[in-house]
Amino acid sequence: MSVESHTSPDQPQSAATLDTAWTLRWIRQGAEVLAANRPALNTLDRDIGDGDHGENMDRGFQAVLPKLDALADETLPGAVLKLVATTLISTVGGAAGPLYGTAFLKAAGAVAAADGIDAAALVAVLTAARDGIVLRGKAESGDKTMIDSWTPAVDAAAAAHAAGSGVGDILLAAADAAAQGAVDTEPLVARKGRASYLGERAIGHRDPGAQSTALLLRAAADVATVTE
Amino acid sequence: MKKLINDPKNVVNEAAAGFEAAHADIVRVSHDPIFIVRHDAPVQGKVGIVSGGGSGHEPLHSGFVGYGMLDAAVPGPVFTSPTPDPIVAATQAVNGGAGVLHIVKNYTGDVLNFETAADLASAEGIDVRAVVINDDVAVKDSLYTAGRRGVAGTVLVEKIAGAAAERGDDLDAVVAVAEKVNSRVRTMGVALTPCVVPHAGEPSFVLADDEIEIGIGIHGEPGRERIKLEPADAIVDRLLGPILEDLPFDNGDEVLLLVNGMGGTPQIELYIVFRRAAEVLKEHGITVTRSLVGNFTTSLEMAGASISVLKLDDELTTLWDAPVQTAALRWGR
Amino acid sequence: MKKLINDPKNVVNEAAAGFEAAHADIVRVSHDPIFIVRHDAPVQGKVGIVSGGGSGHEPLHSGFVGYGMLDAAVPGPVFTSPTPDPIVAATQAVNGGAGVLHIVKNYTGDVLNFETAADLASAEGIDVRAVVINDDVAVKDSLYTAGRRGVAGTVLVEKIAGAAAERGDDLDAVVAVAEKVNSRVRTMGVALTPCVVPHAGEPSFVLADDEIEIGIGIHGEPGRERIKLEPADAIVDRLLGPILEDLPFDNGDEVLLLVNGMGGTPQIELYIVFRRAAEVLKEHGITVTRSLVGNFTTSLEMAGASISVLKLDDELTTLWDAPVQTAALRWGR
Amino acid sequence: MSVESHTSPDQPQSAATLDTAWTLRWIRQGAEVLAANRPALNTLDRDIGDGDHGENMDRGFQAVLPKLDALADETLPGAVLKLVATTLISTVGGAAGPLYGTAFLKAAGAVAAADGIDAAALVAVLTAARDGIVLRGKAESGDKTMIDSWTPAVDAAAAAHAAGSGVGDILLAAADAAAQGAVDTEPLVARKGRASYLGERAIGHRDPGAQSTALLLRAAADVATVTE
């Protein structure tokens, strides 16, 4: 695994900006984590949906992998994110396909033609992704959707940035908040997506999309923070 | 899980190939991206009608492609809406210059993917409109849910809008009649057993040996309540009550009554359901002037049924009676 | 047992009442004794065609009553052949003076009860003839068994003989074409799950979670062998092999391919089966010129399917294509 | 229960001839026994047939009962048997309906207009019933059908008659032989009826029709032999 660390070894460190290599590592790591969590996400979705969320996410990210391999070396981070977006849109289907697709598309737009994502840009990227999902899916916080993972992540990222953190710590904060957000969907009644048909019976179950968001953001943080 | 399948990954593709082999007189099949079109598509000057959604509801939608009904059907993976690409391709394939109607069942995934497809097709100069079907009265309030689901009433929309397009109605008129059917049809279903999605290999939900789910969705989503098994007549009463109240249907109405099997219910049971439903409608002074009984909007091998009631008028009755020639619904030719 | 029924004793009566309510444009129903006739029976000068047998195989036979197919169907209790009385009454009801054909599936009970009925009807001056259908190749030798069973091929006999009667063929000719179809059609089925007869309340046989029964009969009678579940393609090959050998079907033959669901199998699986069957026939140089896919001869909610192959010629193809208007099979009108 | 005994009490005794009262008792007792054995016969039939034999027999005999009640007092035994025959034919269905129907029809023919059935007539009646079944069903001994109960019963009845037994003992002999005959179907492979499709798998199962025959003949004997 390539290393972005510019400081001393033996300590976890973050890069000052996230580059194409990080973007590629993120998506590859995300694909790996989603593949490993396919059954778990299916199970969450079986409890309160139709049991295919793991299937859908895995199909999409597996379709992305060969396309990453084929990219030219000089591809910019925004272009990688856009490729992820279009591939997810054309392979995931279901609710998650257009929602994650839009998220990556808006993220790509936020990065634009920059060759690196610094702390401020990172917050903008996460915010754009979340806003894209809201634009398409019209979910509000507390509706028991992936938004309940994304919004705490965006808020935590903004707070970390305001506190002067670098990209690695911002991602860590976002990942931690997303994970907590996913857990916090458990007591909720759903108002969007299939789970909304369950009424009270959705209580006690974690939203699968919130969980996949948490997994993806954790992957983003993991590949930014490296230990020698 | 016991199924007559090969690799679960190939279920949709192989079924499409079989469908093509069996119905070459009615349809052509595009395999990549996957969609099914009328053998004579595009019909110049005719409004094209495309529907689609997750597989596992057959004959919906592929069984309704043909003269007088759909121009194309886009099957997603089992219970997962298709992506925009095949929807766009199908839209192009049926575009005869008079615009294309998308008939979309109200599920977040279907709505979003068809939206994206419509944007892309519009960008290519095709006049695309969508009607979202939400006939399921089991789900109550769109303030608190993703809104009512599109279920078996979809078949009635597809037949009637298809007849309007076939006789030459323009896109506005076809959209209007599709919306009219959607506004006048109400459905509610019951599940006796769950179904097994091939790639999952396990039942999508669990019902005890004496339990049934009233208000089931067509992917096994729950509905209103889980109760103990009751006699068919009592179950029919539970389904029809909310249907009749909702529109509401009134004394003197003429209706089409659809008793739809979920896939694993013997026909003999569907007719027992039909009998009671017709009886209850009669008690309410509602006359069944058209009927349909069978497996039309299924959930794989789920045992159960849904009841749909459509308030007819002369226009809808005429369009219902118009000739149709599809794999699953055929008369008049 | 979970079924959409009321009292198991009333299953057949209530279903008939529902059938009558749903299809009043096509049939009338006699309730005591119970049988279903064409709404315009008797058709003067036309050979009448009556079929029947135990219930639980719907749409067989009631779903095939109507223009161009059966004049009457006589449903017995579930999986039990009807008694002679309703058969006699149905025979009288469809007698238009040109004689009546009984289409009987080869089961001891059906054969004996139809025999008695034919004797009684003949005694009243009706010219009654019977054709016994035995298309099931799973059962080998009538020296050692009650003989081959009548299964899904019955639908093809009913359609084609019905078309011959409708165009005005006389009784000899209708009998001859029914026998011709029977002599040229071969069927074999597979069960993945058993079914539950309402009055019994328990499965009629037991299959382990990974077992299937090759050569199943339509009442759950066993066939050739019980094996471990295999991919659909391998199962199709097991069914088609004996079918093709038996007639035998040859390179150059044109055939009708029927893939019939047993009741509880999703349509998507039937098309997967059709795909492989068409492929194998092609490999043998046999051309599928007509096809039929769906639930036509069922065993309640049994999961499984059967494959039937009928060797066509111009006469049979013409009669197959002739208009038919029944609840379950309809085209051309 | 009416009593046909002409001899001393405290000992089982048979009537010299079987009259209308016996015929009525037989059929009523048969209906009762078949009703009680409905599940058992269904189970036997489920093992090697289609699970409805108990259902079929019970439906038929229950339909007979009200007709018996409506009979005029002077009805002859043959007329009772004929009524049973036509009722079974029109209510049982399946294979058993026409077969038992024919058996009772032929039995009625053998009794003709006699007002009692003596020992010789009884053997003739049983023989006619069995022959009727063979005529319709074309089964041979060893085919694993009801014939495997009927034929031993007929043979035993003939032997008992030849040995000078009265009607009561003839019926006892017939019932015993029928019961044994039913048991003896267990090791057989079937060559008639639905069980024939099972091949070797029918081995070890008793034929339901043979069992119902044994039950009916036992009822015939039971109501002839009475104990004070």
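Here the chain labels run A, B, C and D in written order, and each chain numbers its own residues starting at 1.
In this section, a residue touches a chain if its C-beta (ideal position, glycine included) is under 8 Å from a C-beta of that chain, and two chains touch if they have at least 3 such contacts.
Since we're looking at a predicted model, the values are computed, not measured.
A.B. asks: Expressed in steps between touching chains, what is the minimal separation of chain A and chain C?
C.D. replies: 2
A.B. asks: Would you kindly tell me how far, in whole Å, the mean C-alpha position of chain D lies from that of chain B?
C.D. replies: Here the centre of chain D sits 56 Å away from the centre of chain B.
A.B. asks: Would you kindly tell me how far, in whole Å, the mean C-alpha position of chain D lies from that of chain A?
C.D. replies: 78
A.B. asks: What whole-Å value do you get for the distance between chain B and chain C if each is reduced to the mean of its CA atoms?
C.D. replies: 28
A.B. asks: Using the average of all C-alpha atoms in each chain as its centre, how far is it in Å between chain C and chain D?
C.D. replies: Centre-to-centre distance between chain C and chain D: 34 Å.
A.B. asks: Two or more other chains in contact with one residue: find those residues in chain D.
C.D. replies: Residue numbers touching two or more other chains: none in chain D.
A.B. asks: Which residues of chain B are in contact with two or more other chains?
C.D. replies: 78
A.B. asks: Graph shape for the chains shown, where an edge means the two chains touch. Line, ring, star, complete, or other?
C.D. replies: line
A.B. asks: Residue numbers of chain C touching chain B in their complex, please.
C.D. replies: So the residues of chain C in touch with chain B come to 2-7, 11-12, 14-19, 21-23, 55-56, 58-59, 63, 78, 190, 192-193, 209-210, 212, 229, 231-233, 235, 257, 259, 263-276, 278, 288, 291-295, 298, 300-301, 303-305, 325, 327-328, 330-333.
A.B. asks: Along chain B, where are the residues that touch chain A in the complex?
C.D. replies: So the residues of chain B touching chain A come out as 54, 76-85, 107-109, 112-113, 115-116, 138-139, 143-146, 149, 197, 199-200, 202, 204-205, 217, 219-223.
A.B. asks: For chain A, which residues are in contact with chain B within the complex?
C.D. replies: 42, 46, 49-52, 55-56, 59, 89-99, 101, 136-137, 189-194, 196-199, 201
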